Each structure stands twice: as structure tokens, then as C-alpha cells.
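One structure is given below, represented as C-alpha cells, and several questions about it will come after.
Each chain gets a letter, A, B, C and D, in the order it is written, and its residues are counted from 1.
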Amino acid sequence: MTDQSRPSRPVILGQNQYGKAENRVVKITRDGNTHHIKDLNVSVALSGEMEEVHYSGSNAHVLPTDTTKNTVYAFAKEHGIESAEQFGIHLARHFVTSQEPIRQARIRIEEYAWERIETSDGDSTLTGADEVKHSFVRKGQETRLTQITFDGERWQVISGLKDLTVMNSTNSEFWGFVKDEYTTLKEAHDRILATEVSAKWRYSWSSDDAPMPNWENSYRQARKHLLQAFAETYSLSLQQTLYQMGSRIINSRGEIDEIRFSLPNKHHFLVDLEPFGLKNDNEVYFAADRPYGLIEATVLRDGTEPQIPVDLTNL
Amino acid sequence: MTDQSRPSRPVILGQNQYGKAENRVVKITRDGNTHHIKDLNVSVALSGEMEEVHYSGSNAHVLPTDTTKNTVYAFAKEHGIESAEQFGIHLARHFVTSQEPIRQARIRIEEYAWERIETSDGDSTLTGADEVKHSFVRKGQETRLTQITFDGERWQVISGLKDLTVMNSTNSEFWGFVKDEYTTLKEAHDRILATEVSAKWRYSWSSDDAPMPNWENSYRQARKHLLQAFAETYSLSLQQTLYQMGSRIINSRGEIDEIRFSLPNKHHFLVDLEPFGLKNDNEVYFAADRPYGLIEATVLRDGTEPQIPVDLTNL
Amino acid sequence: MTDQSRPSRPVILGQNQYGKAENRVVKITRDGNTHHIKDLNVSVALSGEMEEVHYSGSNAHVLPTDTTKNTVYAFAKEHGIESAEQFGIHLARHFVTSQEPIRQARIRIEEYAWERIETSDGDSTLTGADEVKHSFVRKGQETRLTQITFDGERWQVISGLKDLTVMNSTNSEFWGFVKDEYTTLKEAHDRILATEVSAKWRYSWSSDDAPMPNWENSYRQARKHLLQAFAETYSLSLQQTLYQMGSRIINSRGEIDEIRFSLPNKHHFLVDLEPFGLKNDNEVYFAADRPYGLIEATVLRDGTEPQIPVDLTNL
Amino acid sequence: MTDQSRPSRPVILGQNQYGKAENRVVKITRDGNTHHIKDLNVSVALSGEMEEVHYSGSNAHVLPTDTTKNTVYAFAKEHGIESAEQFGIHLARHFVTSQEPIRQARIRIEEYAWERIETSDGDSTLTGADEVKHSFVRKGQETRLTQITFDGERWQVISGLKDLTVMNSTNSEFWGFVKDEYTTLKEAHDRILATEVSAKWRYSWSSDDAPMPNWENSYRQARKHLLQAFAETYSLSLQQTLYQMGSRIINSRGEIDEIRFSLPNKHHFLVDLEPFGLKNDNEVYFAADRPYGLIEATVLRDGTEPQIPVDLTNL
């Protein structure tokens, strides 16, 4: 369609995407009696030449979202799920290369971890049971995340985690801040520092010509560095802790160039027990819900360009 | 600080912001015995010269998030809450103009609507009660949203709503779509179309030199046009309905230049009753949770530049 | 099976029930171009002679939960959905009378209200559209509830609502309470009273020999009386308001004998603005999340026996 | 007050209770540099001579819910938190014995588990950090529960857990069930069995004259037996698995007499891949949300009376 044939419109279409969100796929792999689980929540977003479906309702370029759902399940069988990242790469490549009007695919995946139920202690011996290798309990800690974007040429992989709640019961201070007419906060020289980590890191890998990172190992290592930096930083502000977590990962993991954090400051207020004749020596805290401080920042390898969107929250 | 005095770092700081999120403020205004409510959830995000608090933990440029909370409550008294937008404008201006290191403020507000409890019917006459003007029930429909951003010079106001669930029980079709090897969906010539509208619209107003829109009336009108366009569109795809909702607002409201929608397709599947010897003549539906289609797009006035971030969801 | 043939067990089975929970059924009724919606979430719980499925895994007495789901959808077609209560009565009667081992059925239903999208104003005239009678927006206020229990002979119908949030901005006090060594609360002579009403009322109707109440009208009237009693009560305690809401319903509705309330006291704390040189004359409040007062009570018609379970919450 | 002086009322008060719900208390215990956390959510419900506050609004018998909150925090200091059960016993005894009008106290507690962040591996050696003993990550698996009830004489302790999600990827069948006219389900001879365990167990301990159980050890052991029974049971129905979990605990733990389970059957449906020319050999599953089977039952030691309320869910 040439520009001439296109009717002039007072209201035009901007960026748009569509797909099936939250396809819950569980894949069981059997190695004899030993089973393995991958438990994913896969969301597909496709974009390309989609003007007509918006303007006139013509679906001639629209692969149904139902088909994208079917593809997720079929690919779990055809390609297996080696890692969330590798699975997303298979899906994104498929949509972009198999459908002419689709120019870009973005696959977002949440992964839920499971651990084996232990049955091999003294008690199970008494019951005469063999060790069970098909029984699992959901780990329930953080949710692992990845987002794969492909435009037919370049890859962008942003992985991370959310809902990882951490706390330091000491080695945190907050003082020397600006005071204005609305400031009533007292300086703190020994406080609890707690947050629920949301972190997304971008891999430098972007081309089929380069070897991929080991996604599983990279996740484990990034998570470990993040936790250790949180634990080992003597903190004068949550911002400082944030930077330490980010720089530790980038310094330790050459495959990661950029990290975006969103860190709610989960306030733990020391309860005033003096009205009851009691001294609260940093022992009893009220864990508050709202409001909360919200600290967000990108840290990145010097010389690289930031690409991760800055809004990880809607609040 | 000059570039020379700044130590060279292998890992640098990118975009960052901080503030107090989810300050729940309820303001009662009394007009004699007639009371009025404004019920807001206010989140503050400030950015500026904040390198040192990240690198060294120095809080010398940091106005505490606790102070930003206090400011919200004090401003509710000092300025009142004429509208969420006007309240956010007061707050953003204050932070940017009163604190040298703060170069930009973003205020996000959720507003919850209340309606009066009616007491003036026959029954209350029997009880002898006067009409009550201080008693409310939460409306419970959509949540109204606004986001005010100010850099000391230019304003950006993006308002909207979320969680407005709508349904057409007919006048929706879906056919003529692409079929590939993973397509099993049947064409539909009379289906339910339901979605939970998330919409954010950007006002063209950006300078103190221009008169502000009437925020309250603009919201009411935009919401009305959105609902009417949903109802009156004979839909061949949810994308088409989306475009109709957006263009109706932009055509009707000169103060709005751009709208971003995120529309989950809340699938209602016709239940197969044939195994029970029953014919389901578009009567009985299963309302599914996951997965769901997710349709997202920006529509904008021709000649304007899109500014609303495209990611309104994390899935 | 006689008691002799049953093996003696050190651990026995107590009360048990099973079924399919949260069957989401949407029923469209067409009256020409005018459509009507019923939107329900139906949960089935069956009990009876179910020892063997627990002890040995024999399913010989077990109607699958999948079948109970199918029955919900088939009955929506066969019987229609006149009201949630009437629909539950059809279902409960079916399970108890058609399956010998099933001795009792309990049907719980949540109902979500919808209202029509208005299109008949001046604007839609301009667009030339006829009035639309198939387009709806979810009301989003309270969720209506009912629970039907049938043992083959007697009926018990408990209906109600949850998530109805109400607020009085004055006419509430709290003083004259007990003070012990842990009491620091100041007396209040003009405070906000807000709660999120959860109420369940029991109908006296219990036999097929008696005429049923008009379920739809009874719900509307009970809800109206509850709201008006909340609005019109000058409250010295939330307990007093609770009793007034309950007694107003029982006095006004002869078909209702008992009501159970669970009322969280949604605290709105007057913000101390004195540090900022401002006087807060009952204008600016902080709406707190947790902790909250929780007031629960049954009120009932004198001479009747309470039957509604007292635990409506798990906290 | 004698019956004669009490006005006759057409609507009377039934069971009632009040208190402060969801007091979030975090207690840090310092053993040198090694810190320990207890993280609780405590809800207090008191009942007794409370007619007047309902009928007339007189608060003369009402200890404010604010005071019950203060007591929770003061007791965390005065008594410490040895276990949730022991803490609840201190609180319940206090309210009943210190306030004449209060005849019964019920304390419900949720406990959130934390584990230490490990810093003592090779990496932290490289950074030169000592091992950190004040840094924690929330475990995030099940929530531990307890409910303490005291009437001044007898104790009832019901403990348990919720949100513990488990899955067997084989050794589960479902066949031999009843078929009626609405049955379409096919028999299954190898299926996934998954559930989110909600379990509440009652201790036989009820008097100050008897020694208390070791609450911490009892919880760990009950949880272990529950998980092992789930893993080791070859299941013909979820009911059978439920009974095995319950009887394993009661047989192994003499201090526990009764358990109530609420087990949603988290359906994992084998995806039909035949339309795509693929064979799904128990590999690829769709994890469904709603509807779900819901299996609930009490199991108890022969010769004891059931006391745990049967409604653990509102659906």
C-alpha cells in the first residue's frame, strides 16, 4: 500500500503489539525413575504490519493469539525446555521468521522453582519406601524472569528475578540527609534494612554469530552475587546497597552489561515501648506495609548504553 | 565536581529515582453538613544529582522519602485537592523548585471514587432521619490514574484509568486470520467480547504559559467516550475496538493527543453442551482466567509525537 | 459393610466433602436485541458415604468433580439462572437426589453485578447510533454471595455480600473504654468510621412445603437497609453500628432470621500537621492498611437459633 | 444486670468477638554477632460480656483494639518469642486473666520463615569478608499457622500451615468413578497430582497441669511426615493421599489428635499435541487455575472428638 492509497487519518496508530499472555506450561522430563520439572508462565507479544486490523478490523495479517498459545505447548515438546532463555529464543525466532508481517517478537517468561521432597531419612527406611524421585515441593522464593526480544537480526535478552525478600538486622545507617521544613525524620545509626528485590539484567549477547551464555549457571551466579553483596555491604543508604549489588554482578559476570533494580524500602519501625516502662534495644519492630520508600536505578558497565526500560513498577 | 576529580569506575550509574510510594491520603471537605471526599494513593519519584548516595552512601543531596510523605499530607491541607492532576502539579513543582539537587519530579496518583449512600427514600422517612450528607460507599469500579512529570520547565500529564471491565454480548466477530501449522482456532461470527480496560492518555498541556484543562471534566468525558465507543463498535477484532475507543477520545477531546491501551482479551468460551443433548445457542459461557490475549497499542493525533511508555504491564 | 467387617483403625475419618470449586459461568439471556447477564462463580461441595475413597482409594462412590462442573454448565442451560439462590437450589437438589452415596450438597455462589453502558445521550445521537442493549460495564462494588445446603429434606439458605466499603466522615465517637497498663489510645469525639462490610444472612425458609422468598428483591432490600443503617447511626462504637445494621435488616425483612457480620475497622488516622505549622481540623487523614480492628458478631431474631458459622475470616 | 432489668429485644446478640488483626511484629534476638529473627502476623480476638457495646455503644467493658496491639509488641519484649504457640499462650492468658469482662481469647498467628544468606564460599573469601550472621532471605515457602484459644481454664492449640505447593509427576491414577449423564471425564492411569496444602492440626494438650509439647520440633516433624506421605503414597485419589498424610502425622506424633485438610486439586492437563503431529507422552502439561477440585476432610485419632472447624476456605 502506498502512502497515496492510504487515507489520511486525524488519529494514527503508534507502537502496538499483541499475543497470548500467561501460558502456563509444565514440562516433565523422565530420566528413568528420576523426573525433572520446568514450570513456566510464557507471554508472547508480536508486532509488525498490523495497521489494518486496527483501522478496518481485517485479520489478514493476524496470527491468532490462540495459535501463539499452541506454539508454546508444541515447542515444549519439539525443543524441550533447556532454560527459559533458550526456550524463549526458539519461540521468538519462529514467529519472526515464519510470518512475513511479524517483524518483532518479545517473549516474557516467569519461572517457578521446585525442589525435591526428601524421603531418604530414617523414617522412610522404617516405612520401607525407596527414595522417591518424582515428588516435588515448590521452592516459593523468588520468581525467575526472562524477556527475549528478536527483530530478525539482533537479540536482546533481559533476565532477572522478583519477590526476593531480604533483610539485614544491623549494619545499616541513615543520616546526613537534607532537612527542609517538612522533615521530621530522626537520623538512624543502627536500623533494619529490608527490601523485596526486583532486578533485571541485560546480557551483552545479541547475535547468532556469538556463543550464548550458559543461562542456567549465569542465573545462579548472578543471584548469589546479588545476595552476598546485600549481606556484606555496610549500608549508609539503600541506594548504596543497590549500587553494590549491581556492580558486584557486573564485575563478576562478564556476560552481563546492565542491571535495573526496583527496591522498595520495607520499613521496620522500632516500636516505642517506653509508655510501658520497657526499653526497646533494637529488638521489637513493626513491619509496615504502606507507604514505603522506593529506590530504583540502573547500573551498567562503563562504555555500554542502557537499554532496560526504567519503569519496572506502576507505582 | 569536574570529570577529572571523579574517579574512573568500571560500573557506572544510569537513570535513577527515589521517593515514597503509596501515600494513602483521604481529604474531607466540609460544606456545612455536606461532606466531600478525595481518596488518593500518591507516589513520589525524584531524580537529579544523586551519584554520591549510590557510590559512597553520602546522603547530602537526599531529601528523605519520609519528608516527601510529610509533604503530601501537608499539601493536602495547604493546597486542598481540587483534582488529582492539580494536586500532583503542586507537589512536582515544589520538589523541583525547592531542592537544588532535584532536577525532575514524577508524581503518580491513583484515585478511588466514592458515591453517597442514599437515605432519602420512603424508608428513611419512616425512621424520621434527615438526609445524611457525610456517608459514602466506595464506587468500586475503575481506579482513576494520573502521572505528573516536571523538569523545572516542561510539564507532562498522563491520566487514565485501570480495571474497568466491559463486555459486549454480541456484535463481535473474529475470522479471516492467518492459519499456520499450529492453528486450530475456529472462526467466530458471533462471540462475546470482554476486556478490562487499562488506558493512559497524554494531555497536550505542557507549559505554565498555557491554561490548564479542566481535569475533572476531561476525565469524565474521556471515560464516557471510551465506554460509548466500546459499546457502539461492531467489532471484527479487539484491535479495531481499541482504535475506535482511542480515536473517539482524541476526536472529541482537543486537550488529549495520545492514548495507550492495554486490553486483555477476557475470553468467554461457549461451553459444549452436546454431550448432554443440549444446544448452546450463545447462552452459556465459561469465563477463563489464563491464558488471555493481550492487545496493546498507542493511538495518537496525527502530527504529534508519542511519549507514553509502551509497557503498561509486566506480562 | 457392617461394623464387624470394617477393620479397626487407629486414625479415622471425620467430616469430609469434595467438589469442583470456582466454576465461572456467564449466562446471556436474549430478549430481542436486549440482552441480560448473569455472572456467577459456583463452588460445589458434596458429602456422604465417602469412607472408602479415603481409606483405600476406591472411587466407586465418587462422582468426579469434573462431572459436577459439567452439571453447573448444563443446568445454566436447562434451568436458566433466575437468581443465584434458585440456581443453587436446583444444583443441590440434583446431587442429593440423583446419587445414592451423596447425602448432602452445599453450593456456594459469588455473583458479580453488571450495569448497562449508556449510549443514548446527545453524543451518541451525533454519531447516529441506536441505543445499545448488549453492552455492559462491571459494577465492581460488592460481591453478592449465597450458600445453599440440602440434606435431602431441609434447606438452609445463607446469602449476603462482601467487599462493600463504606465510610462516615463524622457522627462517630470512641471513648469511655477500659484503660490498662498498655493503653495509650486517646478518646475520640469526632472520627471517621470506615469498614468493608462482610455480611451473611440466613433465611428462615427451609422446606419445599413453604413458598420461597423473592431472592432478588430480598437481596436489594437487605443491602439497602444495611447501607441506610450505617449512614443513619450516630456511632459510639463499630459494634453499635454493626448491631444497628443487623437489627434494621431483621426488623424490616421477615424472611431473614440471622445475620453474621465481619467488619474490619479501616482506620483513618488524623495526620499531625503541627510540626509544619498547620492545624488539621478533621480534614487530612492517613488511611492505614494493617493492623486493623476486627469486629465480628451475630445478630438474630429473638427465639431463633444461630446457625451461621462464626468464622468468616482466617485472620 | 438481671434478666428483668434487661429490655426485651426483638433482635438479640449472638456470638461476638473483637480485637486487632494482623499486627506485624518482627523480633530480633542478638547472640553476639549472630542474630535470629521471628517474623509474625498476630491477630487477637476477644469475647465476653459485650452486650452493651452492641446495644447502646457503651465502651465500659471494651479494652481498645489499640491496646491489644500495644500488648502484642510489649509482650514481644517482655516474654520474647520462643515459638508462635508459646507467644500466643502468653497473650491469651493475659487478656482472660487481667480483664474481668473478657471470658475468652483467641490468638491467631502467621509465621514467615527466614534463612541465612550464605557468604562463606570462595567468592566472599576473595572479597575478604567475614561470615555475616545478620543477613537473611525470606524462605518464601509455606506460611506457618497457629491458633491459641483460652477460656480461663482449658487451652486449645491448633497449628498448621498453608500455601505449601506439592506435585507428584507420576504414581497417581483416577478411575473406577461413578458415571452419570453429565460425566465426560476419561479415566486416568498416570497423571500429575498437585495440590497446595492447607493443614491444621490440633494438639491434645489442653491444661496447664500437663507439660507442653515442644512446639518448634513438633512443627518440623509434622511438616516432614506430611511431605513424605505425599511423596510416598501411590495415589488412586486425592482423598486417599489426604488420609495418608493425616494418618502418618497422627501415628507418628502422639501430641497431635486431629488434622483438617483443605486440598485444591491443582489440575495439570495433558496438552493434545496430535493436531501438530506430535505425541505427548506425559511430558507437556497445561497448569490450570480455575475451576479446581477441592477436597476437604478431617482425620483424627480414634476415640477423640473432632474440634477443628470444617470451613477453612470461603469457596
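We take it that contacts are C-beta pairs under 8 Å (C-beta built on N, C-alpha and C of every residue); 3 or more make two chains touch, one makes a residue touch a chain.
Bear in mind that the values here come from a model prediction, so they are computed numbers and not experimental data.
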Check: interface with higher C-beta contact count, B-D vs A-B, is A-B
Same or different for chain A and chain D, where same means more than half of the interface numbers show up on both copies? same
Per the C-alpha centroid definition, the whole-Å distance linking chain A and chain B comes out as 23
Taking each chain's centre as its mean C-alpha position, how far apart are chain A and chain D in Å? 30
So, in whole Å, the Cα centroid of chain B is separated from that of chain D by 37
Which parts of chain B, given as residue numbers and ranges, touch two or more other chains? 24, 70, 74, 182, 184, 275-276, 289-290
Considering only the defined contacts, which chain D positions touch chain A in the complex? 24-30, 35, 37, 39, 70, 73-74, 76-78, 114, 117-119, 121, 123-124, 127, 129, 132, 134-142, 163-171, 192, 224-225, 227-228, 230-232, 252, 268, 271, 273, 275-276, 278, 280, 282-289
Touch list for chain A against partner chain C, complex: 181-182, 184, 275-276, 289-290
Which bits of chain B are touching chain A when the two form their complex? 8-24, 41, 43, 45, 50, 53-67, 69-71, 74, 98-99, 108, 110, 174-180, 182-185, 235-237, 239-240, 242-243, 246-247, 250-251, 258, 260, 264-265, 290-302, 306, 309-315
